[in-house]
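Next come the structures, one after another.
Shared between the two complexes below is chain A, which has chain B as its partner in the first and chain C in the second.
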Partner chain A sequence: MEPAIEKWSGKVYELTIGATKESGGSRSKKVKIGGMSALPFLSFEGTIPNPPVIAMEVWDVEPPDWTDVLKNEYGNVLNDPAQWAKKCEQMGCDLICLRLESVNPDGKNTSAADAAKTVKNVLSATTLPLLIIGCGNSEKDSSIITEISEAAKGENCLLGIATKENYKTYAAAALSGGHSVIAETPLDINLEKQLNILMSDMGFSPERIVIHPTTGGLGYGFEYCYSIIERTRLAALSGDKMMSQPIITFVGQETWKTKECQADETDMPAWGSLKERGILWEITTSVGYIQSGCDIIVVNHPKTVKEMKNYINGLMVR
Partner chain B sequence: MALSGLDIYKQLPKTNCKKCGFPTCLAFAMALAGKKTSLDKCPDVTAAAKQLLESASLPPMATITIGAGEKKAEVGGETVLFRHEKTFYHPTAIAVSISDNEQNLSVKIERIKKLNFERVGIMVGINLIAIKNDSNDLLKFSAVAKEVSQKLQLPLILISENPQAIEEVLKNISQLKPLIYCATEKNAEQMFGITKKYNVPLCVYGKNIEETASLSQKAISSGIKDIVLDCGSRDVAKCIRDFTQIRRLALKKNFRPFGFPMIAFADNIADASTYITKYANILVVRMDSVEEILPLITLRLNIYTDPQKPIMMEPKLYEIGKPDAQSPLLVTTNFSLTYFTVAPEIENSKISSWLLVCEAEGMSVLTAWAADKFNAEIIDVWMKKTDVAGKVSHKKIIIPGYVSVLSGKLEDTTGWQVLVGPKEASGIPKYLKAVWK
Partner chain C sequence: MSCTIKFLPDEKEIIVDDKTDLLTAAIKAGVSIYSSCGGAGTCGKCKVVVNTGEVETSVSPFVSAEEKAKGYVLACKSFCKTDLEVFVPESSRVGKAEILMRGEKIFIPAGLPAVKKGKSAFFKTGVAVDIGTTTVVVYLVDLDTGELCARAMYNPQVSFGEDVITRMIFAESEDGNRQLHQSLVDGINELMENCAKEKNVFLNNINVLVAAGNTTMTHTLFGLNPSYIRKIPYLPKMDFLPVSSAKKSGIRINEDGVIKALPSVSAYVGGDIVAGVVACALHKSEDLAIFIDLGTNGEIVFGNKEFLVCCSTSAGPCFEGGGIKWGMRAQSGAIESLTISGDNISFNTISNQKPVGICGAGIISIITELLLNGIIDRSGAFVKNSSKNLKSGEEELEFFITDKISITASDIKNVINSKGAVFSGCDVLVKKMGFEFKQLSQVIIAGGLGNALDIKKSIILGLLPDLPIEKFRFIGNASVTGAKMCLLSQEKFNEAKFIAETMTYIDLSTDNEFMNNYTASLFLPHTNLRLFPTVKNIMEK
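Take a look at the complex of A and B:
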C-alpha cells in the first residue's frame, strides 16, 4: 500500500499582521497567517507554518441587534471600544477586528476624524494586531479609509473591506500607511481572482491581500462559500498566484443574526437551550470554514474563541 | 476507478479470435473500457483475469445499507474528494450512542426522540443508534438492543468485540440488519462467521490504517461484501490524515480494501463537525441534546447539498412571522440563497410580513431581471396564482431596490401601489421600520 501523496507546486502567501517595536509599531506580537503548501492540516504532504487564527469583533457603537447571549459576555464595555478591545484580549483571541460602524450614514454618520480617534484609542488599549473594517457602505468606507490608515500608520493592520467599487482608494490608503487589505467579492471565484488582479495591476502587492469570498451562515449559504474556499485553496496549491492569498470569513456576523441563534426557548422548544445553541452554531461554522481552508475567522463569543483555540492547537500537532 | 483499454487488453487472451464480435482483442478491450460491451462475450478469458476485471468495474467506494425498511441508512458510494468536483451522495449517517448500562433507558430514549427537525421543508435528524455492550452481560445487551430498536425504530450499530454478545442480539433482530462493530485482529474469524451466518454488514477495526487494510482484505477474501472501516485513531488530527488517505486510495488508486465507507467517533461538537466535512460516512456521537445535534445536522445538509443544481425555493407566498391583512408584502425571486438572505432580514425587522417568491428559474434578482425572468408580468402572474389580493388588504407591494425600474410597469399591470425597497437585504429591517408604521 503506497500512501496517496499529492505533489503541490504552489503555496499560500504568508502574511504578517501587526508590527512590534522593532518593526516600527507598538504591538506585543505579530500574527502570521498563510504560508502553507498543503491542504488544511495534511502535514504529510507539505509544510503548514501557521495555524488558522481567531479574531474577535469590537464595535465603536453598541451593536443594536446583538442577542443577550452575546451582550451578557461583555457587560458594560459595549459602548467603550478601548475597554472592549482589552476585554477581548483577555478572552484569548489572536487579533482584534475593529468595526467602525459609527460612520454608517444610516446610523450615527460620524466623521473620518472621529473614527481615526477611535482607532488610536483602541491601538493604545490593546497590544494585539488589528483588523480595521468600515461600516459596509462602500462609498462612506472609502471616504474614511485614508485617514484611518494614517491614524494606524506603522502598525501593519489589515484594512477592510475593499470591493470592486472602492478598491483603488483602499489600495492607495493601505500602501501609504503600510497596511494590508481585505478584498471582498460576492460569492464568485472568478470575480475574486479578478479583484486581486485589478489590485496588483495598480501596484499593490498580491502578497498583502486577504480574500473575503463572502461568508455564508450555516444553513444560509454556507456551502457556497465552503466550496469557493476549497477551490481557492486548491488553485493556490496548484500555483495560481492570484488565488494564493490567505482567506478570512466573518463567522460571528453571520451566526448571531440567524433565527437559530436568536429564537428563545418558548418560541422554539424543539431547538433546545438558547444559551448553548448560538455558541455551538458558531463553533460548527468555524470548524467548517477552517476545514475548507480559511486562515482567519472572526467570531463573537468568548467560548467559541476558547474552544477553537483548543481545537486548532490539537490539529497542529504533527 | 475504471481501467483503461490497455489495462484490460493485458488481461485478455490476445488471440484475436473474433468470437466476441470484434476484429481484435485490443478493439474488444477498448469497447469494454467504454462500457460498450461485456466481458462474457469472450469465451476464453481466464478465471483470474475475469475476477480482476470484474472487481475493477466495481464502484470505487461501495454503498452499504444499514437497517431494513423505511428508515434504513445508505452510506458510502462517494466518488469525489471535494463536493465541487461533482457532489457527495450519501449524507454522513449520524448515530447517537447508548450504553447497555444506561441507568434510565426510557428517559434516554425520550431525549433521542427529540433529535429530529424540520429544515427547508424536510424532516432531518439522526439516523442510527449505537448500542455499547459496556455491561459485558449478553442478555442485557440483547434486551437493550431490542427495546431501543422497538421504541426508536432506527437501525442499530452493535458495539462489542465479543462475538457471543453480538450473536445473542442477532438471534432476535438479525432481520433488522444492524451494523456489527467490530471485527479485530483477535476475533476476526468468529466475527466473519457470524456476519455471514446472519447476513449483516460488518465494521473492521485496525489499530492503524495498515492493519485496517489487512483486516478488510481478509473480510473480502472470506466473502463479506458489506464492510465498514475503522482505522483506529480517535485523535481528530490523525483521523483527518488517515481518512484523506483512505478516501484517496479508494477513489484514485482503486485500492479495494479501502473501497468502503468509514466510521468516526466524536465526543465534542468541533470534532464531530470536522468528521462531517472530512470524510466520515458514519459518525457516532455521545452528544444527545438538541442544541448540539441541530448545527451538526445543518452542516451535514449544507455539505451534502448537490452543487450542480441551484437549489430553488418553491415559488409561493411565504409567511414570515404571523402576517395578517395589514402586514407588508415583499417580492423576490426563487433562488434559494436570495430567499435565505431576504427572509432572515425580514425576521430581524420583527415585523411579520408576506414574502412573495416568484418562479425565476432559480436566479438571483438582478440576474433574473436581466434575463427577463423577473418582470412586471411575471410578478403579476404570481400575485394572482398565490391570491395575494385575498390575503392583504392594503394593495401595496415592496420590490427589491435593484429593480426599481419595474415600478411603473408593475403599477400599470397590477393596479397596486409599488414601493421600492432597499437594494441589499441587510437594509430591510431599517426600511420596514421606517415605511411600515
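Take a look at the complex of A and C:
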C-alpha cells in the first residue's frame, strides 16, 4: 500500500533578513525564513529549507510592566538598548527585535532623530540582523519610520508594524531603505490577504512582506489563532501568492501580561512557582505557534530561547 | 391644555394637548414628515421651523446654533406651549408627488411570459399593489383589456421609521400597530383614488386587491402586529394570510371585495420575493438561475423547476439611494451613469434633468469608475492627490461630481458592505447546493435602481458574479409584476402559494461560511480575484 502524501503546488516566499559586509551591511550573518513547500516539519511532503527563528525583544526604555521574573534575567542593561541587545545575542537568539517604545506620545514622546540614534547604537552593539518596530501608535509610528529606515539603510531589516491605516508610509520607507515590512491585520485570512494586495498594488514586492495575524497567548484565543495561521499556510501551499508570506507572532508580548504569568504565589498557591510558570507558559505558547506554521517568534525569556532552539532542532533533524 | 397647530405649507390644522409632540401631531393632521428613528430623537430628520408660538423642546446635536436661531426644532422632541404655526421644510417632507413613476419599463419588464387569462373569478377591474418598505406602487388593472394605470408614493409609514426594525419597535407602542396599518391603508386608498379618477373607474366597482410585500408590510396591511418578527426565534405570525374583506381592512374598494396577499416564506423573505419568482418564472425554469432583488434587503432565490432555495442579506438601502449622502430613488434628475477621463467627468441623469442626486445605478457606475481610474484602491479608500475633484468635505474626503453633489468615503464603505452581502449571499447559496456560478443559465435582477443598471460595471464592483453579459436580465419591479399576474390569474396565485410552501429558507446570520465569505467580498471586486477573471484582465491593463 502506498502512503497518501500531500503534494503541494505552492510554496512560501523565502525572505532574507540582515545584510553582511558582502551585501552592503554590517551583520555577521543573514537569517533566512520561509521557502517551505510543506506544512510545518512535515518534510516528507516537500522541502523545508529554513527552520523557524527566534527573536528577542529589546526596548529603548525600561519596560514599565515587566514582571521581576523577566527583569532579573537582564539586570542593569534594561536602561541601555545597546547593552541589552548585546546580552540577547549572548543568550543565543537569531534576531533582535528593537521596540521603539520611547517615541510613544503617551510616554516619553521622543523624536524620530532620537529613535534613529538608538537604532544606530543598537546596530553597532550587535551583529545580529534587526527587526525594528514602533510604539504601536499608528500615527506616530508612520511619522518616524522614514527616518528609522534611513538610519538602518543597507542593513536589510524587517520594519514594523504596518497596518491598513499606515501601510503606504511603511512601504515607501522600506523601499527607500531596502528593508522588508511586517503587515498586521486583525485575525482574519481575508484581511491579511487584502493588506498584502494593497501593498503590492502600490509597487511593494509581496516577497518582502511578513504577515502578523494579531495573535493571543495560550488560553486567550490561541486555538482560533492556530487555525487562522494554519489556513494561511494552507493557502500558500495551494499557490495563493498573496498569502505566501512568512508569519511572525509576538509570543512574549502576549504571554507575560497574562494573569498566569503575573499572579503571586500567595494568591494562587495551586498554580505553582511563579518563576517557572511564566517560562513554561511562554515555551508552551511558542511550541503551539511554531507548530501552526509561524516563521518568527518574538520572545522575552532566555530559557525560552534555549528550549525552543532544542525543540526546533529536534524537529528539523527528524 | 390644548393648542391649535397649523402646519405649513400644507395649511393643515389640528388641536392637540401639550403632551403630544409635533411629529405625532403632524401625522394626526395628515402631514408627512421624515423620521428614520420613529420619534426617538436620534436621526435628526424631522426638523421643522416654528414660525409663531412657543414650544418646549430639548437640545439636539442635529440642530445647529444657526438653525436654532431661525426657529428650527426636532418635531419629535418638541411640545406646544401656545398655539403654533409650524413650517415643514422641503428636506423634512416626505415627497409624495414626484416619485419614481418613470417610464413603463420599470413596471412592465420586457421578456416576461405573457399572462394567460386563467379562470379569474373576479370582476372587471382589480388592483395590484407592491408594498415596499420605502415605496408603495398601485396598479389599476382592467381584467379584460389589461389596461393599466399606475401610481406610486413613498410608504407613508416612513414617518414611523425608515426601516422595518424601527417600525416593528413602533408597532409595540400603544396604538402603534393601528397607526402603521392605518397610514398604509390611507396611502393605498389615495393612490387608488388617483388612478380611478384618471381612468373614470368607480372604486365601488372594484372587487379585488392583490398585494405583494415583505413579511412585515404584509402584516401591517392586515393589521397584524409584526413585532415578533424581530424577536427570537424570528417567526412571523402568519406566512399564509387568509383572504380578508375590504371593509374589515379599510381599503376603499367595494366593501364586499376581497384583499389577498401573496404568502411569505419566512420572516425576512416575503410575498414580494414570491411575486418576483412568479414574475420571472424561476419555478418553471429548466436550467439553473438566480433571482436577486436589490431592495432594502437584498433577497436571493436560486434554483429551477426542481428546487428553490432563498436567503435574505441585510444589504441595506444603498442601491435604492438610502444611506448615501446624495443618494436618491431612480427619479428625474438622478445621476444614473458616469464616466471619468483624467479630471473630466461626464454623466447622464434620468430624463436629462439638472442633477439633484445619485440613484442606485449611478452609485455603482461612479464607484467602478473611481476604481478603474485609480482614485480609490481595492479596499475602497480614496488615494490622496489622485484627482482634482477629490477634496475634503465637511467630515471626510469626498469626490465631487458637480460643485455640490459628491460621493463620500463612508458612502463607498456602505456600498462595499452592501455589495459584499449580496455577492456572498449568492455565492453561499449556490455553493451550498453544490453548484458553481458558471452553471447558471441566467441571473435575473429586480429592484428600483434605475433602468441604466450597467451589468459590466456591477461585475467590476463585485456585486454580480463574473458571467457573460448575455446571461443577465434586469426586470425592474418584479414584485408588482408578480402581484399583477396573480391578480389576473388564479392559476398564478396558486403557483405563488406552491412556491412559498416549497422554497427552502437558509438563514445566513448563523452561517459560518457566509461570514468568512463576507469579509472576503469586502474588497473590489473581491479578495479572491480568481472569482473575477474578466475583471482581473481589466485591472491588469
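One rule holds in what follows: the second predicted complex is superposed on the first by the 317 of 318 C-alpha atoms of A that agree within 3 Å, B and C clash if a C-alpha of one lies under 4 Å from a C-alpha of the other, contacts with A are read in each partner's own complex, and residues count from 1 in each chain.
We adopt the following convention: a residue touches a chain if its C-beta (ideal position, glycine included) is under 8 Å from a C-beta of that chain, and two chains touch if they have at least 3 such contacts.
This is a predicted model, so every value here is computed, not measured.
Visitor: Please indicate which partner A:191 is in contact with in the superposed arrangement: first for chain B, second for chain C, both, or neither.
Guide: Touch partner of A:191: chain C, not chain B.
Visitor: Once chain A of both complexes is superposed, is A:292 in touch with chain B (first), chain C (second), both, or neither?
Guide: Only chain B is touched by A:292; chain C is not.
Visitor: Using the superposition on chain A described above, determine whether A:167 touches chain B (first), chain C (second), both, or neither.
Guide: So A:167 meets neither chain B nor chain C here.
Visitor: Could you look at A:59 and tell me whether it touches chain B, chain C, both or neither (first, second, both, neither)?
Guide: After superposition on chain A, A:59 lies in contact with neither partner.
Visitor: Let me test your reading of the model: by the given contact rule, A:41 touches which partner, first (chain B), second (chain C), both or neither?
Guide: So A:41 only meets chain B here.
Visitor: Scan A:2 for contacts with chain B and chain C and give back first, second, both or neither.
Guide: Touch status of A:2: first partner only.
Visitor: In the overlaid three-chain picture, which partner chain does A:201 touch, first (chain B) or second (chain C), both, or neither?
Guide: Only chain C is touched by A:201; chain B is not.
Visitor: Regarding the shared-chain residue A:250, is it in contact with chain B (first), chain C (second), both, or neither?
Guide: Touch status of A:250: no partner.
Visitor: Who touches more of chain A, chain B or chain C?
Guide: Looking at chain B versus chain C, the one contacting more residues of chain A is B.
Visitor: Across the complex, what residues on chain B touch chain A?
Guide: So the residues of chain B touching chain A come out as 82-84, 114, 117, 119, 209-210, 213, 235-237, 240-241, 244-245, 248-249, 252-253, 255, 269-271, 273-274, 277-278, 289-292, 294-296, 298-299, 301-303, 305, 307, 337, 340-341, 344, 347-348, 426-427, 429-430.
Visitor: Can you list the chain A residues touching chain C in their complex?
Guide: Per the touch definition, chain A meets chain C at residues 164, 188, 190-191, 193-194, 197-198, 201.
Visitor: Once bound in the complex, which stretches of chain A touch chain B?
Guide: 1-4, 39-44, 65, 106, 136, 187, 216, 218-224, 226-227, 230-231, 234, 257-260, 270-273, 276-277, 280-281, 283-285, 287-288, 291-292, 307-308, 311, 314-317
Visitor: Which of the residues in chain C come into contact with chain A in the complex?
Guide: Touching chain A: residues 377-379, 516, 519-520, 522-523, 527 of chain C.
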